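Got a structure for you, written out below as structure tokens; questions coming shortly.
Chain nomenclature is as follows: A, B, C and D, assigned in order of appearance, with residue numbering initiated at 1 for each chain independently.
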Amino acid sequence: MNLSIILAIAFGGALLTYFSGKISKKARDVLAVLISLVIAVILAFFYNTSSREIFYTGFLDFPLILRIDTFSWFFAFTIAVIGSFSIIFSLSYIRKKGNTDYYYTMMLLVIASMIGIILSGDLVSFYIFWEIMSWSTFLLISYNRGPAIAAGIKYIIMSVTGSVAMLVGIISLYSHYGTVIYTELSGLLYNASSGYTIFIFVLFFIALGIKNAIWPLHVWLPPAHSEAPSPFSAVLSGTLIKIGTYGIILLIYVIVKINVFLNLGEGIVSARYIIAVTGAITILIPTFIALLQDDAKRLLAWSTIAQAGYIILGIAYGTSESVASGMFHFFNHAIFKALLFMVVGAVEYRTNGVRDLNSLGGLIKKMPVTFVGGLIGICGLIGVPLTNGFVSKWLIYKTLIINNSPFLAFAALLGTWGTILYSYKLLHNMFLGQLPEKYEKLERAPFSMQLPIVILSLAIILFGILPGLPLKVINSIESGFGLEPLTINIWGITSDTGTINMLNLFVAVFLIGIMIWLIFKGSKKSAGIGQYDNYAAGTTVPKNKYHYSVDFYGPLHRMISPYLRDFIDDFYMSLARSIKNLGNGIRRIYTGDVGYYAIYIMLFLALLIFIQIKWKLW
Amino acid sequence: MNFLSEYIYYIGAFSLIFIGLFIVLAKKNLIKVIIGLSIVDTGINLFLITLGYIRGGTAPVFSKPGLKAENMVDPVPQALVLTAIVIGVAVLALALTLAIKLYKHYGTLNLRKIKEQKW
Amino acid sequence: MVNPILLIVIPLGLAFVVPLFRFISKKIEKFIPFFALLANLIISLTLFPHVLEKPIHVSIGGFLPPLGINLVAGPLGILFAMLIALVGFLVSIYAFAYIKEKDQEKYHILYLLLLTGATGVVLTGDIFNLFVFFEILCISSYSLVAYFGDKPGIESAVKYLIQGAVGSSLVLIGIGLLYGQFGTLNMADIASNIHSVHSISVFIPLVLLITGFGVEAAIFPLNAWLPDAHSSAPSSISAILSGIAIEVGLYAIVRVVFTLFGASSILTFLLFLGVITLLIGELCAFNQENIKRMLAYSSIGQIGLIVFALSIGSLSGINGGLFQLVSHTLSKALLFLAAGYMIFRSGSMNISSFEGMGKKMPYTSFAFTIGAFSIVGLPPFIGFPGKFMILKAALFEQDILFTILVFLILLATIIEGAYFFRVVQTIYFKGEKSTPGQEREIAPLSVLIPVFIFVGLIVVIGIYPKLITEILESSASELLNRADYIKNILP
Amino acid sequence: MRKLISLILLVIIAGGIVLSLKEIPFGISKIKIGDYYIKKGIEETGATNIVTSVVVSYRGFDTLGEITILFTAAIGLSAVLGTYRKRKAGEKVEPPSFIVKTGCRFLFPILLLVGAYIFIHGHLTPGGGFQGGAIIASAFLLMYLGCEGKRINENTSIVVEVLGALTFIVLGIIGLTIGKDFLFNFLPKGEPNTLLSAGIIPVIYIAIGFKVGSELAGIIDHLIEKNQ
């Protein structure tokens, strides 16, 4: 099987979907799902193979190369699967909105270009697919109109900023080493001066960091994630920003190589440490900003930034356990964040676009399956044992503590506490508490939404109990990077410094669960009281006054919010404003008076002549 | 005053050119600007003619026998000037036409006031 | 083999014939440019393989250069001639439906003359002849800018004419000085006699020519006419001005700097000039509300980028600059045509009037989007290889100066992206979602066909840049190998 | 202020030009192709007026461009003015005085004749198509001055224009087919200094004469139209 066939199916399928939509809506839906599934299935067959092929030679003098190995397989497969779930989820979500052909085409295009990025074997094709991804994402983010327009423009400007920086990096590498192919480039930077390596690093990190929403470059993410259509938010959060992660791993462990990376700078000012600290900051600040959000998707968006911080922290820290945790967390985050966005999307779908946490509540009775999905999702997000998030977070804490980085470990832990707070807010304000009266008639989410929610929930539990499945893959990736391999079994990791075995945990949790259940069973039954069976000051409380999920964490909110304004965003906005003003100022030289214009011409001529007579420059 | 006799024609031609350019730069009436452009053209034509001149030369026309080729001035600048004149006329005609139209629209030929197209 | 003189004579002859059609039928005249440029396109395509092997030199009137005027159909000239014929051909289809004024005849004549002038400039081997054709180009564009006879059109045309006339006067003085020193007008002949530009007597004509042609090429600060003229002209003419006229001005500068003077020392200056032009163009466009003005400022920016690339002076730099030139011609022509029809429908040039166009005119909007993405330099469109090649050439110099300039260029690219994406968003996402009465108004075929041919070219060359890189490479080496150019003409 | 800046700029430019003019001394024969034309012109083209041989033969292509420019300007002018040829009814123009009327009527045919003479003899004596054409146009200007109500027929003038230009191009193309070069002088050169000499040069000049005459007259006509 050829790798280029995957790309052909992906890109061709995207176009085909558009035209099939002109013929029949049904056929288009089926086609879209089919294409995404087919890609996932084909990719599954590539498990544990490695191949490399030149798929196109027509672009200037660069042969464009596709390659697959365990590393790219892992990412590509995750992306393809999450992508197809999102498309299944979209089936009913998007039906009510207009422009469905366009939606599916762009969605498939985004997925196709992401897979293209992962599979490409040289930096030029990486860049080409990267840019295709950027603009197709842009066209989809603004799909909802209204505030989504500002979100889209913010995204694309930052994205273009990043990609031009990366382009300079790529071309600079090419001009120094005469090649852009990973395998040939690999390790060549060993001999480069550290200044040059840092130059390359900075350029790539602007691009990758923007995509991955690392802290000072994150500002596009909250509006984009919250305003995009929910299934696409799932793709954005679950997979698209992970392209940045992929790029960072690629840069550090494939192109630069681990030994060069670890030797870049010393102590506090080493590249490794700086990136790790950035990761820690990316965990802390966004976590607490997430706490302040009242918009469900915006909350999830900030949470995404924070979780991306864990991934970066793990990857940049550079020990084999931390890298494993980073990659495993990438995998986990893709699953549970996609799940959570789908849960929010399902609620949004049924309530006609309500995402405000203050006006929801009590939906547990109306949408039980969705609630369970949300519960498992936040369990994974927090890292409750028996969910996949537990294992990855355990790994990162462990490696940080063992390798004497208490502050980083503390940041990671603090991030988890914050995560618990905001996740609970999310779940509570949507599903628990009182049901507002207007939602009495709410129906369950449609099957096409429940299906991906259920499957992803099951996946969280599955990989929580059997973390060895993905860890095995991750381990073989790591050995490819030249990191020490871990000892993996299906239930967990064995090592001298601490072993994790989910079987024991499973049994323990199971027993504790039974105990709790027994205690509740044995204790006295409480009387059931109706929701509106309430009195205050001698009269019945009006039904619309019943909402205690408003102003959740109010005191905390008031305490921390002054410190947590998004100063970075303000900075970028003022930058944009000053460029605008500069442009408006410069425009004034075209005064409209043709006399001035003639003077400009003479000025130019006189300047040239003057310089020549005076200094004989030319 | 060897210099003057050597360069007087050049000085004359370029004086015209720079007078014209000065008018274009400094005057605000469109008609005057067009006149300025026309003066520049004239100056350039004179300059071109001067380039080909030979002391004591005759026109490069063998209209009667006895004219010596050595004494004839360079014919090429004259041909160029012919072309340049025509170009000048064309630009002048177009400029005046535009001026007429401009006056219809704005009611003025003051270039400082005709500033709707800007920025 | 066809004589390249036909590239000039056919459109010229047909332009002269057009007035006669009033005695036959008023309906034929609009097809004349179409056929003339189709013929030109075919001729230049047939010449294309010959030219790659060896440049074709044609003398006129049976006199060998430097005595007579000669045409030099080298790769560069044919590249430009092809581009002119192609864009002119497609825009002439567009004009079928777009130009509805009662006096169409004059539009078509002037249009043909403009393209004739442009073709003449790129093919001639004689500096004065170049000037003459340049004047044809200029005078017909003054008239075409004022073609609608409306207030902005006339005002812009007057300003354009004054600046253009000053520019061409400077050119003529420069030519006079050259003739005075070298006694010849043939470019190869002059070039063979110029040994260095360091002496002031050669330098002055050089700067006079650069300034004079620079007015048409819209180099900062000589470009004040451009935003006015491009925004007030009929959209088809804006497309031609932006896609052809500026490029021809640039060709003249390049010819003068590289071939005529071999002035590599002034390239550093042009390098900075290019970057400044780029930045100023993009900054001015950034907050522009008038769509055509925005596109016009963007053209200034693109010209700056091309000037930068050409003045890198290396083979790959010129290569990249020429690629960017082709890409800008195609993309900007497309943008003007698409925007022009949307303006035609909405009746306003304000960007906000484009709200909801994505629904109303889906095809035109789609084409506009492709053009915008291409200009910004996103793959897989033609703008990307162009930008890529330029950056490659600049970074290959391995010079800190070039790195800084590259960052400035990229800053400009970001600004450019910002305002183009804003328009794309306005077209697709702004405004009410679907109000009743927003019927689809598909543009007529004569608009859609050229627009989609442009889209096709943009995508195809963007994906397969090798289609044109061969001729670009030989054009670039033609520019650099001054000695070969001279030797070919003056054996 | 503006004037001061303009002056400073112009002075700098003038300085540069003066420096470069030092290389071009005045009045000394040194022009190389000009020299060649004078020496070989009659032999190669058959025209005794070397300027004509340069204009029409050596640099004939420039002349084609030149008439194109004039044509462009004429067309552009009428396009900009938006030609409407209907005279508004009841519009009174002050009639010319008797002297003007008579003078114009007297001069009109003479000017036509002089113009024709000049362009027919362009290859022999100073003058040529452009000069002759301009004189003819001035004859029409006089006609407008002196004979109110007389107009040139637009269609006729356009046909003359077109035919003039076409003659030039067709001659060029015939040269291309016969002599392999555009504008090749394929007619016999004849004996210098006679009317029927110099091959296609007089033919082209006559064509140009007609064309320029009718074109300039047309321009005058357009501009007058507006002013009335």
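In this text, a contact is a pair of C-beta atoms (placed from the backbone, for glycine too) under 8 Å apart; a residue touches a chain by one contact, two chains touch by 3 or more.
Being a predicted model, the structure only gives us computed values, none of them experimental.
When the C-beta pairs in contact are tallied for A-D and for C-D, the bigger tally goes to C-D. Nearest to the common centre of all protein CA atoms is the CA centroid of chain C. For this pair, chain A with chain D, the centres built from the Cα atoms lie 74 Å apart.
Centre-to-centre spacing of chain C and chain D amounts to 31 Å, using the average Cα coordinate of each chain. Taking the mean of the C-alpha atoms as each chain's centre, chain B and chain C sit 29 Å apart. Centre-to-centre separation of chain A and chain B, using mean CA positions: 69 Å.
Touching of two or more other chains is recorded for residues 21, 24-26, 33, 51, 76-77, 83, 87, 90-91, 94, 98, 101, 114, 116-119 of chain B.
Each of the following residues of chain D touches two or more other chains: 2, 6, 9-10, 13, 16-17, 19, 21, 24, 31, 33-35, 37, 59, 62, 65-66, 69, 72-73, 76-77, 80.
Taken residue by residue, chain A touches two or more other chains at 587, 590, 594-595, 598-599, 602-603, 605, 609, 612-613, whereas all remaining positions touch fewer.
The touching residues of chain B, counted against chain A in their complex, run 21, 24-28, 33, 111-112, 114-119.
Looking at the complex, you find that chain D touches chain B at residues 2-3, 6-7, 9-10, 13-14, 17-18, 21, 24-29, 31, 33-35, 37-39, 41-42, 48-51, 53-55, 59, 62-63, 65-67, 69-70, 72-74, 76-77, 80-81, 124-126, 128, 130, 192-193, 219, 222-223, 226. Interface residues of chain A facing chain D in the complex, by the touch rule stated above, are 595, 599, 602-603, 605-606, 609-610, 612-613.
Across the interface of their complex, chain C is touched by residues 17, 21, 24, 30, 33, 37, 40-41, 44, 47-48, 51, 76-77, 80, 83-84, 87, 90-91, 94-95, 98-99, 101-102, 105-106, 114, 116-119 of chain B.
Across the complex, chain C meets chain B through its residues 128, 132, 135, 139, 142-143, 146, 149, 151-152, 154-159, 161-162, 165-166, 168-169, 172-173, 175-176, 179-180, 185, 227-228, 231-232, 284.
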